[in-house]
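In what comes next, subunit A is part of two complexes: it sits with subunit B in the first one and with subunit C in the second one.
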Partner chain A sequence: MKKSLPFIFLSCAFFISLSIGATQIADFWTALINPGSNEILWQIRVPRVTAAVIVGAALGVAGLLAQGACNNAVAEPAILGTSAGAAFGAVLAISVGLVEVGTVGAIFCGTLGALLATSLTFKLAALRGALSSFTLIIVGIAVSAIFTSFVGIASAMASRAEARSISFWSFGSLALITSENLIGVSITTTIGVAIAWRIAPFLDRLSLGDATAFHLGTDVSRIRLLALIGLSIAAGGAVSTVGSIAFIGLAAPHIARFIYGPSHRQLVVHSAVIGALIVVVADTVSRTIAQPNELPIGLATALLGAPVLIALVAVKNNVWRTQ
Partner chain B sequence: MITIDEITIIRDGREIIYDYSEQIPAGSITVIVGPNGSGKSTLLAAIAGDIAPDKGTITIDDHHPILTSASTLAGIRAMAVQNQSFVLGFTVREVVEMGGNSAEVLEALELSELADRLVTTLSGGEAQRVAIAQAIAQGTPVLLLDEPLASQDIYSRRKIIELLQQRAESGTTVVVVAHSSETELTWADKVVNQFH
Partner chain C sequence: MRSISLSTSGSFTASRVVVLANGVAEIMQSLNAQSIIVGRDISSSEDSLSQIPIVTSGHQVLAEKVIALKPDLVIIDASTGPQSAIDLIRSSGVTVVKTPESWRLGDISVKVRAVAAAIGAQSQAEQLVQQIDQSLVTSQLSWSPHVAFLYLRGTSSVYLIGGSGSGADSLLAALGAIDVGAKELDRPFNALTAESLAQLNPDVIMVMSKGLESVGGVKGLLKLPGVAQTKAGKNSAIIDVDDSLLLSFGTRTPSLLQVLAKALEQVRG
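And then the complex of A and B:
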């Protein structure tokens, strides 16, 4: 029952999110089982809520990969520079007219930016020899700040409206989701989840430290590289589609770990489901709480996820021990 | 047989080991003793393939650890590091099973009662015993242990030594780093005391 609870909550949240919004959908269930019968439902809400599920899953798994690869409780795509790199890659390519917003091309450029920034973080953190978690986080914060500045500059200089606003890239929004977005972000999420699933047992061993993981037969550098690629693809696809949504990459894996324990195979599934659940609920709140205005979703994810995380740490804090 | 042939290891500009040779016979217990900072753990790490000698070679039978893949090496040698720390709340059984079959070794090291405890809640001595159990569970022909007796009470030391003796009798090459002050070394087949 405990295992299926997030799935049940996600299913409920999915249908509730489809059913509520600025416009009331008459005869919701009939419209739902007749594809195309209601334009608002099928053209706007279904793509949007589906995107919330996919993006939440991508960010949850990206956070899990970041924490597992760095063996650090606070690692997440935003901290390692991945999110800022993705936003920079997408906004730069859109600004210079290389790709259109929301296309697979934009997602590709975002993923490249994410890979570039994350690789830069890892390279700079390892300049003085062995990779330390502390150095990684400090360097990641600095790289993230640099790329966030680049995003601001590129957004301000862009004449094209499609480059979107700094608010979009900083706090995220699912308002402009289209069916084409869904294809691209589904592909990147699937690749990220597949990589996470493949390397999950090795991430278990990595939690014992690099030396012990190596003694147990883990090629530490290769696993860390695969994790870096997986998290860049998953987070890069998500951020270049909906902007930076804070907190999911940090909170979803921790909440999953508190409930289900530390085994990464299980955590891949549960981080994805809990990430999806938080984003669906946060998106529903952000578009309904201040109607007709819409709040940036990043504000809602932080407001929803943070109290849950604090409560779990207060109740049960021996799942991740910091030294 | 582990063959160490004229190795030199330099770390942070300091010569830790200089032109050192040694032969460690198969199916025996060899204890490397010496004071802190003398290079004992560095030698063990080099045998394990963690670090490459700046000069000279180390071979375990026909394998050069530093040129052997991590997965192949894990079938040749196992190692328990000193001060193993645990950050994620796996159970003792789960951690030992990352090495291999856990039942026998948990019982031999009297960890059965702790099998379902989270490793994040263990004392230093218990955590060290879990690391030793994991290395033994790997079932490799070479077993490397860095200061396995340091945080143990007399009873646990005796248990660990008995288990190492059993392993050596069944053909495992056991190499242990220890302080000579920790225990009498009568249980060792060979004592290396070059590191002073």
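And then the complex of A and C:
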């Protein structure tokens, strides 16, 4: 029962989210079992809520990979520079007219940017010898800040308004999602989850410390590299499609770890489901609370997710069980 | 776009005029007073004015540039700003006249008379008003399309739709078209989500040219969620009108109405 609880919650949230919005859908259930029957439901709301599920799963798993690879409780795409790098890669490619928002091309460029920024963080953090968690976070924040300002400069200079606003890239929005946008982000999320699933047992060993993992026969740098690639692909796909949605990468794995313990195979599934749940709820809140305006979803995820994290830490100081 | 103009010229009480209000330059041209315009704001964008220096930065009036032109009259309206620049111009001894803004067809004559009074051309104004009134009589459309006037800002996640008092409502009403925004919404501009736009389901979507450009043209607009689900989206019934012309309500408006009528007939599905 405990294992299926997040799935049940996610299914409920999914249908509730589909049923509420700016307009009333007449005969909701009839419309839902007849694909394509109601345009507002099928062409606007279904793609949007589906995107929320996919993006949430991607960010949850990206956060898990970040924390697992760095063996660090506060590592997440936004802190390691991954999200900012992805936004930069996408904005740059869009503003020079190479690709359009939400396309596979934009996702490819976003993922490249994510890889670049994340590797930069790891490289710079390791400049003075062994990779310390503390240095990694500080360097990550700096790299993030640099790439975020690049995004600001690029979107201010871009005459193409399709490049979208700095607010979109910093806080995210699912308002402009269409069903075509789902293809690319589904692919990257699947790849990210697959990599996470594949290396999960090694992340278990890595959590015992680099030396122990090495003595257990783990190729530490190879696992870390794979994690970095998986993290960049998952977060890169999500960010280049809907902008940077903060907090999911941090909150989802922590909540999963709190409920289900430290085994990474389990955590991959549960981080994905819990991430999806948070994003679906947050998007529903952001599009209904201030009608007819819509809030950037990043504001809602922070409002929903931050208290959860504080509560977790307050209830149980040792969220990061293995340290 | 053809403008209604007087064939005879007269004399004016001002000799160096700076216009800082949308549509005023157009009216002065029609009164054959273009020769006394020495400076303009960025919204006075007709080609025939291209030789006249612009004295605004964006929509902000630069007092120094205005005073340097040594005008004897500056014409502003309620949206001209910042106030500090206007105060500065006034305190340098220049006469500043505020003319009314126009948001409806009925406002055109009021504005023409106000501009004419400012430059001392009252008698010409009556002639011009008469000509405008005659040409405003438009033929009705062969259908009553539901039209949504959208204000697009490419980067935003919600649309702004023109409601009652947006200006577009007056133009559409004159043609016998139905402004779906004005029918439902009391404010001139209203936030609208993709879903609400799909539900309003207009036959035609009217936008300003620069706004259309900001979403990547008709192709980009048709891809946006909400637009694609409307009848207008399905039939590509999109009409774009030059930004400064659409809501200027001046001497080019009668001819704009004819062009709009033609466009609305063409997109009939």
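As a working rule, the second predicted complex is superposed on the first by the 319 of 323 C-alpha atoms of A that agree within 3 Å, B and C clash if a C-alpha of one lies under 4 Å from a C-alpha of the other, contacts with A are read in each partner's own complex, and residues count from 1 in each chain.
Here is the rule we use: a contact is a pair of C-beta atoms (placed from the backbone, for glycine too) under 8 Å apart; a residue touches a chain by one contact, two chains touch by 3 or more.
Since the model is a prediction, treat every value here as computed from it, not as a measurement.
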(message) Taking subunit A as the common reference, can subunit B and subunit C both be placed on it without clashing, or not? Answer clash or fit.
(response) fit
(request) Classify the contacts of A:G140 with the two partner chains as first (subunit B alone), second (subunit C alone), both, or neither. (result) neither
(message) According to the stated criteria, A:G298 is in contact with first (subunit B), second (subunit C), both, or neither; which is it?
(response) neither
(request) Check the residue A:F168 against both partner chains and state whether it touches subunit B (first), subunit C (second), both, or neither. (result) second
(request) With both structures superposed on the shared chain, find the angle between the C-alpha centres of subunit B and subunit C as seen from the C-alpha centre of subunit A, to the nearest 10 degrees. (result) 160
(request) In the overlay, answer first, second, both or neither for which of subunit B and subunit C A:P6 touches. (result) neither
(request) Would you check which partner chain A:G60 touches, where first means subunit B only, second means subunit C only, and both and neither mean what they say? (result) neither
(request) Please indicate which partner A:T218 is in contact with in the superposed arrangement: first for subunit B, second for subunit C, both, or neither. (result) first
(message) For the superposed arrangement, tell me the lowest C-alpha distance between subunit B and subunit C in Å.
(response) 41
(request) Once the two structures are superposed, pull the subunit A residues common to the subunit B and subunit C interfaces. (result) none
(request) Flag every residue of subunit B that touches subunit A in the complex, lowest number first. (result) 45, 48-50, 69-71, 73-75, 77-79, 81, 84-90, 94-95, 98-99, 118, 120-121, 131, 134-135, 138
(request) Give every residue of subunit A touching subunit B within the complex, in rising order. (result) 71, 73, 204-205, 207-209, 211-212, 214-220, 257, 261-263, 318-323
(request) Name, in rising order, each residue of subunit A that touches subunit C in their complex. (result) 21-23, 39-40, 43-45, 47-48, 100, 160-165, 167-168, 173, 175-178, 287, 291-294, 296
(message) So in the complex, the part of subunit C that touches subunit A is made up of which residues?
(response) 153-158, 190-196, 198-199, 213-216, 220, 223-226, 228-229
